[in-house]
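What follows is a set of notes on a single structure, which appears directly below.
A, B, C, D, E and F are the chain letters, set down in written order, and residue numbers restart from 1 in every chain.
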């Protein structure tokens, strides 16, 4: 590991300060306000009986997610997608990613014919919004499932959550692999990768993109190692928030 | 005034606990996180040079607002307007109301050819979201104009803000006029009114609606008195937040 | 009252010439072509059995309204909302206002599980289109309910209409309160108010907006008096049209 | 010709009573309220300087049309296209037909770089709305061009209109060709045809469709003869309305 | 007939080289890749049990069509309609035409409560895309109905197809009637007509439009003769493709 | 490597039969009809002078892509996105992936202020449509750039393409890593990965998703090896198509 010091004083393998405030919202069955440095995402989990029509009668539940950003979460204001009348490609893509990440650790049979919708709304964006969203969404989901158990909508002994799941970004800047990129780092990264890792250290999703030059296997391995390590630290914070 | 005690312990002429956190957002030129009890609205003000095309070259600025609600701000989840692909009538109506309320206290000539867009996003809803939004939006707007002055985009001596502006809901429940209705009160109100009042105590907007039986002039007067009084207390809190 | 003479020769408390032609449309269960001076609105009422899904089985009916303007109702042509693919905020807001005004005088239990949709299409616009629409919509609604009674879809003895309802605009121009503003007056008004009043003289809706300087209680009272008086004259014309 | 008597007392070659009220709208540069029996269409022509971007600088003008129907123009109410957020295929198709019909008699060079938009809004529909629209649209267009001449936006001597244009429906019912079908006839027609014919008796558009059994050349010829004859009578009424 | 030689060497009454490749798609119940010269259209027929809700229980089937063009089927690229979020008028109009043409030769009672949707996607466009689409769609439809018969979804003895149907364009260029216009001819045509003709030589649809000068009866007759003749040759090719 | 034989007779490390037909479309500046087994994608490249507004004056070109599927490319028919009025998340995501993959091998400075839009339309889908699309899109792009060079829109000596790029899917089925999954394999895969690799063997994009159980580093490595190897064989076919 290099002894480079980053703009905000971190080493290449440091996470930004991470906080996870479980139960921030009074109305939702589960919720978490998560921050990765200045990135703040409000995750709420809505638990409802029943499943979408295409799943009805199969004895399985459904977990899905929607991601969005407030218009002034970023440095300059973006038009609202509701005003534009259509959801952008990036929004769609991230919503789908979060949904897949959560479903990877859910036993939908154990959940029963119930639906949990996770909304991840970025209140402030400074890089890594999708990874913060996944990390917070897991906490909101766990709280909502606990709520379902208390309400006896989910059997008491059902192991709905097979594992935990967290995510972090990694990237190569000036040839150096780094963990959890802030926005100013993200725009400079030659390679940008998001890894979604379970509590047991297995991969759920690996998405690496060459923004500048293509990358080789050695660089890929270094990024994966950093990402797995970051996720294991996020897992500790998730457990603490749920304790 | 009656000595009725309301569900949350307030008298008929009490506001809920109100907090206004100026500068909540790091990225916006102005911002305020405002709460009226459990109603929480994040207001951000985006200051940009230039004006919409239809105003160009008239030597005037422009102030406008957009209101929206997170899907799980309420007790049960609502579909996102971005997903539905269209903005609902209620959203439009409130956005227009907030914009008019702010423009009533702005000297657009003094603002110069600059635009301020105020986004009011309801993070949690418990009645009175539009009045909380106006009250917080004024604080965000004032901070953004101050920012414009510091950046010398607005002349140092220009009195852009002619007055302050705040808003509160009033309503008649079981025949009794009450101030600042929480959601459980709002749904039971026979008459529902929103008043927007300047710091000098003048009306900017009066919107009264008979939800149940039509109302008479005496009831209207009682509601207006309560509303004017509530707004004068909100003005104190606005000044404190801006101090 | 002032002895000012307005551009069209009216005194400050005069309505424009008002006509209400009941049954203009052959196809609708109720209809009225209403004119307030050069403002012409075609109101049709469609009576159908059944109610929207969210009301089913509650033993109540439903009354709603949609407002729209032909593209060349105004001095210069506006793009059609169907072509733009979305309904503007103003259209939504007025549709909602008309619906609320009508529901305030309807006993939905007495209506039974039936729905009346009122369409108010502005054929020519010269100020006061929403108030003309409400005034005409009441006549169309009354005719449609009578139709329902004849068809025995509504019980013969049911008092579906609890009262009549009419609306008029009032405003302050050069410091002078005036009734029923034509377009050239409307654009000059410092304060603009719409009042919706029942036949018994009670308020259903009061919407006052400071377009220029904020207004005080004395001005508000003067406007309300003018409005109530105008609505009582409109009531006479409604009764005559329904006779 | 057969001596069949139709439901409304007409012979097979009779038009319904046709009226054309030129200048119905005060605001538009040209307008006509046209009725073919109970079908009523309000046609307005909006004359503006300039042309769409793709025509700029070519020394030619542009004429286009938009057709629409009020929601309760028909026997049962249809949802508004503005509410549905999209224009239906039938609406598009008729708008395009009207535009082509009008452009066929316009010398766009003589019109100069000006645009005329014709709006045809069906207030009441009883069959033949598109043919009534074309017939009325020509009158509105002619009035608008005259207006342009008076305002010296069009050269005094320019022959902008090369000919007049009118349209009528024809169809085969129970094997019998008939002119100007009312709605009850239209739904029973085996073959349905719209013909658009100039004042000189030439075809601009021929659209024949087998709704039931396919048709042969002899039937086609009979329909065309009836249509040409009907259009020559409509031409007289157009000239009278413009006199 | 004139002895003019056209740009591609054809006489005025020649079709372009026409090929019909039945079963091009492996997945659809019926399909045909049809080419009229450089115009290439992929037609697929999707056979499904059941009918749209408005037809349910009437013992009849339904046949409908959708037409579309790939963005770079033409000489310069057009934006996708999916990206624009709305279907253009031309697309709608052609989809409706194809559907009507096919339904004219289908006995929907014999089809039973089944639906066939024909998709006609233009892969390359060089004039006459709608007529090629109709001609290929018939082949795809016939194959799909045969499939339904084999699967015993359609009774073995039912005569679902009452006749065949084909279509071709005709037009007048420099005063000369010509068959099957290529794009370079189409843009120069004074009159443009599409005729849809059954195997027995009867008309299903006749759509003639004066693009330049209006046309007279003699010209119309010449065009119809050319079109009927062209369709009878297309019928031979359809039969061969289905053999 | 295992000696498992797959349903279509391939070994685990075999590609399906791949064909790339360069110049399939006559109208586009570049095109390729690519097939991976029964998956068929038509890729067209549209070369136009100029760049989007946000890039103007920066001396750089732009390459972007749009992916879509014909409604009956799949086993059962899907509604058209143009009819639904919105583009689905999957479509957006794949369009973005293709665009990024191509831009990774383009020197936009060398391209000059020109834009190439690649349309990838799936005519028939049997798994791996996005990887076939990328592989074919590169060929269409290369042909379009060659076209630009011939037209002297791109400098003769400019090395616009820094490398080639191809893509292939890999996945784990019953614990066994396999190359280039057909649809029946894809739905059974526990882990699904797409790799985008340059001609020099470097990664442009790695997207691995656990559809069933999460995966470990050893499995990831096995998949990457298979994918890199498959892409090097695709490169040979691309070179042959461009020769």
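Everything that follows uses one rule, which is that contacts are C-beta pairs under 8 Å (C-beta built on N, C-alpha and C of every residue); 3 or more make two chains touch, one makes a residue touch a chain.
Being a predicted model, the structure only gives us computed values, none of them experimental.
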Chains contacting each of chain A and chain E, listed by label: F
Touch-network distance, chain A to chain F, counted in steps: 1
Chain of greatest Cα-centre distance to chain B: E
Chain pair among D-E, E-F or C-D whose interface repeats that of A-F, sharing over half of the contact pairs by residue number: D-E
Approximate Å spacing (C-alpha centroids) for the pair chain C, chain E: 51
Chain B-chain E separation of Cα centroids, rounded to whole Å: 59
Separation of mean Cα positions, chain B and chain A [Å, integer]: 33
Touching two or more other chains - residue numbers and ranges from chain C: 85-87
Residues of chain D touching chain E in the complex: 86-90, 92-93, 95-96, 100, 104, 163, 193, 198, 200, 202-210, 213-217, 220, 224
Contacting residues of chain E [partner chain F, same complex]: 25-28, 31, 38, 42, 44, 46, 48, 66, 68, 70-77, 80-87, 91, 117, 119, 121, 123-125
